[in-house]
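Two complexes follow with subunit A in common, the first pairing it with subunit B and the second with subunit C.
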Partner chain A sequence: MKMKTLAAMALAGAMSAAPAMADLVIPDLSYRTGPYAAGGTPFSDGYQDYFNLLNARDGGIGGEAIRIVECETGYNTEKGVECYESTKGEGALIYQPLSTGITYQIIPKATVDEIPIHTMGYGRTSAANGEVFNWVFNYPANYWDAASVMVNYLLEENGGDLSGKKIALVYHNSAYGKEPIRTLEELSAMHGFELSQLAVDHPGQEQKSQWLQIRRERPDYVLMWGWGVMNQVAVQEAANIGFPMENFIGNWWAGAEHDVTPAGAGADGYKSLNMNRIDASLPVFAEIQSLVHDAGNAAGDGSNMGSVLYTRGMYAAMLAAEAIAKAQEIHGVSDVTAAMVRDGMANLEITEARMAELGMSQIGPEFSVSCENHGGSGLGIVQQWNAADAQWVALTDYIAPDDSVIDPLIAADSAAFAAENNIEPGCL
Partner chain B sequence: MLYREAGDFKTTYVADNQTFPLKLDRIGFWVTMAVAWLVIPFVINDYWASSLLVPFLIYAIAAIGLNILTGYCGQVSLGTGGFMAVGAYACYKLMTSFPDVNIMIHIVLAGGITAMVGAAFGLPSLRIKGFYLAVATLAAQFFLVWLFNKVSWFYNYSASGQISAPERLVAGVAVTGPSTPAWAQYLICLFFVTVCAVIARNLTRGTIGRSWMAIRDMDIAAEIIGVNPLKAKLTAFAVSSFFVGIAGALFFAVYLGAVEVGEAFGIQKSFLVLFMIIIGGLGSIFGSFAGAAFLVLLPVALKWLGVDVMGWPTDLVAHFQLVIVGALIMFFLIKEPHGLAQLWRLAKEKLRLWPFPY
Partner chain C sequence: MSADFLYGIEVVINGLMAGVLYALVALGFVLIYKASGIFNYAQGVMALFSALTLAGIMSGQVPFAHLINAIFGTDIHYFGWNVPVLAAIILTLIVMVIFAWGVQRFVFRHLVGQEPIILFMATIGLAYFLEGVGDLMWGSDIKTLAVGLPQGGSLVVEEWTAGLGGDDFFGFFIDELDMAATVVAIILVIGLIGFSQYTKQGRAMRAVADDHQAALSVGISLNFIWVLVWSLAGLVALVAGIMWGAKSGVQFSLSLIALKALPVLMLGGFTSIPGAIVGGLIIGVGEKLFEYLIGAPYLGGATENWFAYVLALLFLVFRPQGLFGERIIERV
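Let's turn to the complex of A and B:
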């Protein structure tokens, strides 16, 4: 009798320890703690809920069940490395770390381990050059696109002329925040606006001096590359100094509900970019509600559904799932490997018809990926916060970046990386 | 019974002064070394190397360095993160400027550069002490991080401000860069840990170490009996920074491969290393290892227990981790203010008497 229980326990232990190898393993390097948790939590909820929906509705992707392995990084690179190392052995198919710092960290490692990374609208911009970064993808848009979209929007606002205008960039003093500087410098030389740079140190709660400087210099526009608690503080500080909010534009990581609600009515009129549309009435949300949340499988507390970053997390999951489906189609097997998923990503094509079929019509732009171009279309929309109704209102349709500025920059930066690391550019 | 001096005869002064006077200790030391050098490299995998052993070894070097300054010489420093950054950036500049020179030499040189910077920031210690010195070293911390963020020469003008280690070989095997095998990563750290620990141990029981301890225990008295405070304090800063610089260079080049100064070498790092030596035991080489092990391995163990074994949500485990580590720190400081090293010392005292305590 006792032997039997022991054997059963050992068996149960062995089963829980050794995962069924047929699963599609998706690591979720999330952060639900620390100063960036406000952004990390809804993204991760959306990411997991979508995969859970696929499991509940379709039995996974192509009949293969999906297994999510969550690992808490706290937006910290050391923990990110630990998470990467602890999850890669489980047969991870794709990494989406939602952190530019961790992305820089794992790009070389994942390239050696041959696991694709998808950094949607973050990470290393020059990874758009697929011939150098074979294993890294950053479709549908990257930071340099965002900088260019912002400037194009401002050009449109000002009748095509920005000469003599003063634009300040408030940025997170890290690899993430420094990414757009090179593009903005280029654009400032091209369009004749004056660019001033104001760095905010991690985690971003101290911004008094930066905003004092803005108050003194009175720039015409303030652009922001912020994340986590920095966004809330910046919006509050801008409201405190009475900066006209409609001239304050954040990038797509500085434009979620939780960034503006703490400032209350003062945040009204604040603008930000977005790479996906927000529409709480999308059919996919109803499906998640009935098949995932009502079944008690919601990730987190289930309160974030439909918010900006939840939607983006779900969008990221959808792009990953579509890439896996594409890989299954290309290779004719359902139990794909990481290398096959890379092929799926390199041949991914997202059409409006497909998005509508998935119940998320118009959520993102149509784009296609190729072996050379991992960057997608680079489109972004400008949205504005309406504090009275507590919602983001899209002001524009998708705005295209100025590829004539960005493409040479990407070519130069990726060539430098290739030279540094002895990479012979070419398709796999 | 087994653990005692009796029967272990010393016939020379050298034998009498050895680090481990008891035979069992010597055996234990050599067994540990044998396991570390001859067994672990053959069984190590990527996860064990990059999540546990490599950070443990690197933090142990940093903790030894800070322990020399704070534990042996009594100068409180909050600049460890900044000095690690000096080591990392020095190593990066050397690696990229002189790609043909062996990385081992670069790491030692990075330590040397950090020693000079550390000695320069140690100058105020001649005038100020205690909390005031802590604030002065805090200034070093913030100044150095600011410097490496501001001056783009230090990161070779890269757009992101990140530095990333190119691949470098030692005896034909990559020790930096992504294709480094786990055992090579581990062995290079183990090599530096072993050398640093032996140097530190022998420095601290020689003339120079005694002058540090004299300054720590009472600087005026030390000065009266002929210890030169200028020399003692500055050598403590230099030697300490040398070790911390080596730790920073390894942290960047071997462990992470790419760092961002504000995040990797911020004030948190200074506190982390300070906690290591406080928990491990001030003024003890063993304590540096124990403290590093405690603060590196415990969070990973708790995470493994909570997430992989118990299946709890990751955020809950991350929060619990903070609570448990914090509670354990308080518990140890109340129960044993002299750290884990003192517990070890007491255990050894008891063992000597066992099984016939009087």
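Let's turn to the complex of A and C:
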């Protein structure tokens, strides 16, 4: 009798643990633990909450329910690759690794497995060349766009002339942190500003040497390519040495609330880029609150809603959902495959009318993707931290990058990758 | 004096201050190793956990709120009160003492007599366990630690010294937080040395450190001493967590500050409190000077992490037990 009961319980457990079939499977390679959890958690919350909203409101996408498969990477490249390997067999449709290191490792794997990767504002910049990187997309903007947008903003601030100015780049000493160097060197030669580079080793808890150097050399501007604790320490150290915060600009991974709050009032005036707008009054948040959070299906504790990285995660999920919808439209089936989703991504068009319809008017720029251009518009805004009100304030409209500098760099880098990997460039 | 020379002095001063912060972390390792021969891999996580606990108590956060809400369907996060700094520190210390008791009762009591590598492995497990508990208890968001410590460069020092080196010299930069950390570290070391020299428990602790068996034979409770030592290490971890957490906010990367303590231990020895301090100062000054003179101008910068280990290795080659470590004599 006892054995029978146990067997019945085991069978019931196995049945309840079995995955639902015929779902749209979307892995979420998240990092809610470890040194970078403060950035990974809100992004993942936003990413998952939006898909949960679609399930609750629309029954999924095109009538197909979405199943999120979360895998913790700890922002560790090896664990990220393990997560990719362990989730791809579930029928994964699209990957958003939120790590440049993981992206570099899974590009060749996903290309072989024919699963698209979306690296929004991170990853391998030259993946914008869709003829070489058929399965990788980095719209709406990439690192080189960000570097160029920063310089274009500074040009605007200085009457179009940066000659003789000193600009320091403080960067995370990793593949991620080194991404903008080549672009900034080109722009330095073009506009005549002096570029100095200051590397900060992982994790960036100790940056005294770099900021003493900045204090000695007194650059006009400091640009930052940071992530994790490096951002908080850099903002604090800049405030400590009395560097004018309005001349300190981080990229879009160095511009979340938690990057500035530890420095308190000292962070007031710090600027950063953003690839999307922050607006807590967007109707989509009210829908997430009522249909997801109030229903007890929030991905996290609900405290991150509306924050910079939550909004970005939600924006990323919207772009993925729109690509899936596009794939369903192109192929005339609702139960799409990863290869079909790639087609949806390559034909994606994001318009203001569609964003407004989704309850997130002007959250991002309008852009379209093509077989050749996987990079989107490359636009970015500059936002500034108001410490008194504890909020980011958009200072500019969307600023365009200098494509005359970036396009040749993308062409050269992607051509080198194609040559190394025996890839014949072309559309699928 | 030339501006370059003065800036060199500034680098040395800031290196000394950074060294004090490294030494604060190293002290915790020394305390436990000296008393029990255990290399405590979890010391960095203890700093993180204690700082998380302090920040959580101060802000009136409900521990394990996420778990409670998930199980009972509630939506509670805060009690609705703030706890004064001093009371929060005392409560955190109580938590660290309970942790010390738990470590002794449930882990090391069962591992008495095991090889050092087994004990080391146990502390690795402890580190990951504690990190997970910290996450579950207080969440992974970054917490601001407002305990009244000063922030920013000292304007007084800057103004007094601004005229020393002409127009190119802007005065010495000394972080007031680093100055506060130095004062706290001095008080802590004096307190620890005083405790171990002049109190009954301190003498018992030293006796256990010298010879477990002999200490047992004169009636000293090994269990009590180990709880005491882990509690002291918890106190040191809390101080280190406060100082480092005040810089960057309390977040999970705090556990990585242990990496900064390893070269200090290699250099100063695993068994000497003064060794941890002197080792910290040498590493702090050494890495900052190398970065200033060679790393940044010639090697592209970011040399501090690896140079600290090179420096420690150089010392190890000539003095394997560290500067102040006990000399290893093997008699045949």
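Operating definition for what follows: the second predicted complex is superposed on the first by the 408 of 428 C-alpha atoms of A that agree within 3 Å, B and C clash if a C-alpha of one lies under 4 Å from a C-alpha of the other, contacts with A are read in each partner's own complex, and residues count from 1 in each chain.
Methods note: contacts are C-beta pairs under 8 Å (C-beta built on N, C-alpha and C of every residue); 3 or more make two chains touch, one makes a residue touch a chain.
Bear in mind that the values here come from a model prediction, so they are computed numbers and not experimental data.
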item: Combined model on subunit A: subunit C and subunit B, fit or clash; value: clash
item: Subunit B versus subunit C as contact partner of A:I181, first or second or both or neither; value: first
item: Partner chain(s) touched by A:N347 [first = subunit B, second = subunit C, both, neither]; value: neither
item: Partner chain(s) touched by A:T77 [first = subunit B, second = subunit C, both, neither]; value: first
item: Subunit B versus subunit C as contact partner of A:I241, first or second or both or neither; value: second
item: Which of subunit B and subunit C A:Y104 touches, first, second, both or neither; value: first
item: Partner chain(s) touched by A:R215 [first = subunit B, second = subunit C, both, neither]; value: second
item: Contacts of A:T33 with subunit B and subunit C, given as first, second, both or neither; value: both
item: Contacts of A:S86 with subunit B and subunit C, given as first, second, both or neither; value: first
item: First, second, both or neither for A:H258, with subunit B first and subunit C second; value: second
item: Colliding stretch - subunit B into subunit C, listed as 1-9, 127-135 or 217-225; value: 127-135
item: Doubly contacted subunit A residues - partners subunit C and subunit B; value: 32-33, 37, 41, 173, 199, 201
item: Touching residues (chain side subunit A, partner subunit B) in the complex; value: 30, 32-33, 37, 41, 70-72, 74, 76-78, 81-82, 85-86, 88-89, 100-101, 104-105, 108-109, 111-112, 124, 173-175, 178-179, 181-182, 199, 201-202, 413, 420-422
item: For the subunit C and subunit A complex, residues of the former touching the latter; value: 7, 10-11, 14, 18, 65-66, 69, 73, 77, 131-132, 135, 139-142, 144-146, 151-153, 170, 173, 175, 244, 247-249, 251-257, 260, 288, 291-292, 295-296, 300-302, 304-305
item: Of subunit A, residues touching subunit C in the complex; value: 32-38, 41, 173, 197-201, 203, 205-206, 208-210, 212-213, 215-216, 228-229, 232-233, 236, 239-242, 258, 261-264, 266, 296, 301, 303
item: Touching residues on subunit B, where the partner in the complex is subunit A; value: 46-47, 50-51, 55, 149, 159-162, 164, 166-167, 177-179, 256-260, 262-264, 266, 300, 303, 307, 313-315, 317-319
